[in-house]
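So, here's a batch of structures to check.
You will see subunit A twice below: alongside subunit B first, and alongside subunit C after that.
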Partner chain A sequence: MSRIALVIGAIAAIVYPIPLQLQGYTYYQTVGFLVLLNAMLGIGWNVVGGWAGQFDFGPQVFFAVGAYTAALLFVKLGVGAWLGLVAAVVVAFLICAVLTYPLTRLRGHYFAIATVAIWMIAQPIGATWEFIGGSQGLFIPVKPRGGVVASALSLQFSGPTKALGYYYASLVLFAITLALMALVERSKLGYYFRAIRDDQEAAEGIGIDSRLYKVLARSITAAVFAAGGVLYAFWALSVFPEQALELNWSTLPIMATVVGGIGRLWGPVLGAIILIPIAQIMSTTLGTGPLAGRGVDLIVYGLIIVLIAAFRPTGLLSLPWARWFRLRRSATA
Partner chain B sequence: MAPLLSLESATKQFGGLIANREVSLTIEPGEIVGLIGPNGAGKTTLFNCITGYMHPDAGRILFGGTDVTHTRPERICRLGVARTWQVVRAFGRMTALDNVVCGALQRTNRMSEARARAGALLEFTGLGGKTDLPAATLTLADKKRLEIARALATRPKLLLLDEAMSGLTPLETTAAVQLVRRIHAELKVTICVVEHVMEVVMPLSHRVVVLDYGVKIADGPPEGVVRDEQVIRAYLGERRAAR
Partner chain C sequence: MTELAQAVVNGLQMGFLYALVAVGLTIIWGLMEMINFAHGEFLMLGMFAAWGLSAAFGLDPLIAIVPIGLVMFAFGMLVYQQLMRRVQGGDPFTQIFATIGLLFLLQNAVVAAFTSDYRFANDTLLVRLGGAKLTLLGLTFAVPLLLAAGLALVLFLALYLLIERTEFGLALQATSEDRDAARLVGIRPQRMFAVAWGLGAALVAVAGAILVNFFSVYPQVGLQFTVLAYAIVALGGFGSILGTLLAALLVGVIQSVTVVYLPPAFKDAFVFGSYLLIGLFRPQGLFGRF
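And now, the complex of A and B:
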């Protein structure tokens, strides 16, 4: 990604919600929030799925672990959201490490099945465990605080600036995730993950502990999902099993990663920017009016994904963007 | 001097098939040892046992005095054993440089140091102009060199080459033999080569070990081994041996 594109993207992301706020279109701020949240989750999934090459279809478990950890700390002990977020990231990382270690003997489809199985086990636990509120879940009360700073520090935005506040909160978490994963990509971790993906035996032969690094890759993914879960819980003001363990929390980020470009840092970002608004636009156009309630929006949405997957399986980021841009620039000059 | 590697009657069995039967051998520091034998003699199985991908059912393997009979591959690498593969296993989607960087990171945590070392080793193995190419796009000969560079990056005391010359043209084979000699002379690495091609092993090795049906049938200097009755029988058949 070139430096100019990065600067333009950053400015666009910062400025985006301001005209919407002035016009009162807060719905599109929420769309932006969902884009950034799913982009962030996609960047997280890319670590285990794109770099380490292990198909993890159960990261939503750690989205829920994060959401519940921060919500419990907030509701039962009055711990603030940001401190809760740090705790959630640590808890999810550790739980994931313990759960994943025995799975590292499995490969390919069997590893994938095991990650789904853990998600299936998590559902009845979430629905029946009284301590975390069972199927009712937990409600996060809004503690009104005056001022932008107080709202930002408590991650609680309400009223007409709610969507704006959560948009910027998601932008901050997205940027932190992106920066940290850019570091991971260039570090020993990133190299070892890709080595295991390309050839596990050869990786072991040059001294890479494949089990340890698979656990690390999946636990880093889990930590990112936990942070996303905390953000979502405070936005939704509640956590309950069906919401936090929803399958969409893995399928959307995974699809964003694959559509944008699996194994590339910016792949999930591009994927989320394309997929999430399409889903939202489809549901506001095709999902209303004479076709409402027939799922036409989902059918069209699905078709778009199938077309991208069929014609560009390596992702949209792998298209020769640089060449096209140079051509256009020389054509206009 | 104590042997670098020693196998004490190592046996490896797959169901009813005995791939290695009570194989005992030693490799001294500074040697180039050739391991030969007909197809299915158990050469690769022996390599897999030494490098921890398989574990012998009986017997012991010692590396530098440490018992590594049941040690995992990554630990054995860290002790100082590196290998290449009969069927090449380059990290296909990574560049040639990044392949070797992965090996170099075994001995340093600093990226700049790992990159410098990887660059130097690619130069040493003759891949200096191909550092940024994805490994999957290299020719077979270059992939084999890349594997050697990656193995050397882990700073091994003992390098095990599993058919590093098979499938190469005569010209490429000559170059590969030269590379092995340079690794031995300039980097002071002890080497064990598995090879089919007698013409390659004989002039290269200080000592040759012959396996046949999983049993060690000869062990000695090349000129002695080629005259050994049992070896001729294993390679050329009963009738010629009788003559």
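And now, the complex of A and C:
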């Protein structure tokens, strides 16, 4: 990705909600928040799925671990959201490492079902564990602080600027994730991950401990999901098992990664920019009116997904964008 | 003690129903290694078809399995040829993406046509036999479940013979092991994949038609069975048809025994916990060849 495109993209992302906010809209800021959140989760999942090539269908467990950790710290000990976020990332990383190490004995589809297994076991635990609120979960009270700085420092936005505040919070976390993963991609770690994906035996032959690096890849993914979970919990003002452990927290980021281009740093970003607004537009247009509740929006959404998969199975970033843009530039010159 | 023995018996009977659901997945996923997130939707289509034929024409699901199986065989081949054949060119994860799209499409097409209401097939042979029980050694067996279990056994045996004892089955296995080598000896891999998808869809739809006798029908019914079916195929081991059958019985027993001692919410958790535990000692599943 060229530097000019990066600058243009960054400016667009920063400026995008301002005219909307001035006109009194809040809906599109929330769509932007969901796009950035899912793009961030997709970048995280790309580490284990795209680079290390492991089938991980259970990262939503660590989304919940993150959400619960920060919510518990906030509700029970009064620890602020950002400090809670750091704690959540560390806790999720460690829990994931401990849980995943024994699972790395399993390979391919067997490993995939093991990640599902952890999710299936987490659900009844979340629903029955009284310390974390059982099936009711935890409510995060809004503590009004007043002022932009105070809101940003406590990650609590309310009133007409709520959507705007969380949009920028998600933009910050998204940018941090993207920058860190860009570092990982070019580091020794990133090359080890891809070596294991492409040929595990060969990677072990040159001395890479494949089990260790698989655990590391999945734990990095878990850390990103935990950060996303904290952000979402403070936006939703609550954490409960059915919400935090919802399957969508893994399927949407995986879908975004695949549609954009798996294994490419910007793949999940492009995918989320395409998939999330389509879903939102579908549900606000086709999902209302006389056909509301009949799933027409999801039929069209499903059809779009099927068509993208059938005609571009290698992802949209694999399209010859550079050539097209050069053509257009030479045509205008 | 009798309580435990009865739980085991009940679990075995449920296990045969699970085996029915998993058997189609054994072919598409276990043998051909293609991921189908819409497997539960094929099951749901089978259930709706059986409910519809029973409600509209009074056709018993046990007879309706023939037309349903044939139609879904064609449907499965269509899905492979129009969608999955193209998707095979990309990353394996693209199969997930494509079949999630298919899941949305099929599930909500049924929501649009029939709404999300729960529906029941009332006037079927097995439902009318509902109260009938056999008692043996102090344990009770429900007759409808026994009949369904028998049917599951027959289907499994037929499939086992088809895959392990016929030239077609060998060609299918050859394709799953090495596509290029199979092509060299004159097998057309894409035709094999298409037939595998047809068989998988037909078998799971037939399973759905039988399940109509025991479970209510609604558009989202597929997921609960699919999650278990995936665990069963992996637990049994890839490429092993008998492994799937035995794993399904084990899963049924684990569930019903768990419920004796713990809240029902934990029954699936114990199934998956057992999977993890067994996986630590048998990473290739109970009977897997690889």
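The rule is short, and it goes like this: the second predicted complex is superposed on the first by the 333 of 333 C-alpha atoms of A that agree within 3 Å, B and C clash if a C-alpha of one lies under 4 Å from a C-alpha of the other, contacts with A are read in each partner's own complex, and residues count from 1 in each chain.
Everything that follows uses one rule, which is that a residue touches a chain if its C-beta (ideal position, glycine included) is under 8 Å from a C-beta of that chain, and two chains touch if they have at least 3 such contacts.
These numbers were taken from a predicted model, which means no experiment stands behind them.
Chemist: After the subunit A overlay, clash or fit between subunit B and subunit C?
Modeler: In the arrangement built by aligning on subunit A, the partners subunit C and subunit B fit side by side.
Chemist: Determine, under the contact definition given at the top, whether A:187 touches first (subunit B), second (subunit C), both, or neither.
Modeler: In the superposed model, A:187 contacts subunit B only, not subunit C.
Chemist: Which partner, subunit B or subunit C, is in contact with more residues of subunit A?
Modeler: C
Chemist: So in the superposed three-chain picture, is A:206 touching just subunit B, just subunit C, both, or none of them (first/second/both/neither)?
Modeler: first
Chemist: Name the contact category of A:143: first (subunit B only), second (subunit C only), both, or neither.
Modeler: neither
Chemist: Based on the superposed arrangement, let me know which partner A:116 touches: subunit B (first), subunit C (second), both, or neither?
Modeler: second
Chemist: Using the touch definition from the top, say if A:76 reaches subunit B (first), subunit C (second), both or neither.
Modeler: A:76 contacts neither subunit B nor subunit C.
Chemist: Looking at subunit B versus subunit C in the superposed three-chain picture, what is their shortest Cα distance in Å?
Modeler: Scanning every C-alpha pair, the shortest subunit B to subunit C distance is 12 Å.
Chemist: What part of subunit A is shared between its subunit B contacts and its subunit C contacts?
Modeler: Looking at subunit A, the two contact sets intersect at 263.
Chemist: Mind pulling up the subunit A residues that touch subunit B in the complex?
Modeler: Going by the criterion above, the answer is residues 186-188, 191-192, 194-195, 197-199, 201-210, 263.
Chemist: Per the contact definition, I'd like the list of subunit A residues that touch subunit C in the complex.
Modeler: Within the complex, subunit A contacts subunit C at residues 49, 55, 102-103, 105-107, 109-110, 113-114, 116-118, 120-121, 123-125, 127-128, 251, 254-255, 257-259, 262-263, 291, 293-296, 298-299, 301-306, 308-315.
Chemist: In their complex, what parts of subunit B are in touch with subunit A?
Modeler: Answer in residue numbers: 51, 53, 72-74, 77-78, 82-83, 85, 89-94, 98, 101-103, 105-106, 109, 111, 147, 150-151, 153-154.
Chemist: Which residues of subunit C touch subunit A once you look at their complex with the stated criterion?
Modeler: Touch list, subunit C to subunit A: 29, 33, 82-83, 86-94, 96-98, 100-109, 111-112, 115-116, 219, 227, 230-231, 234, 238, 263, 265-266, 268-269, 271-273, 275-276, 279-280, 283-285.
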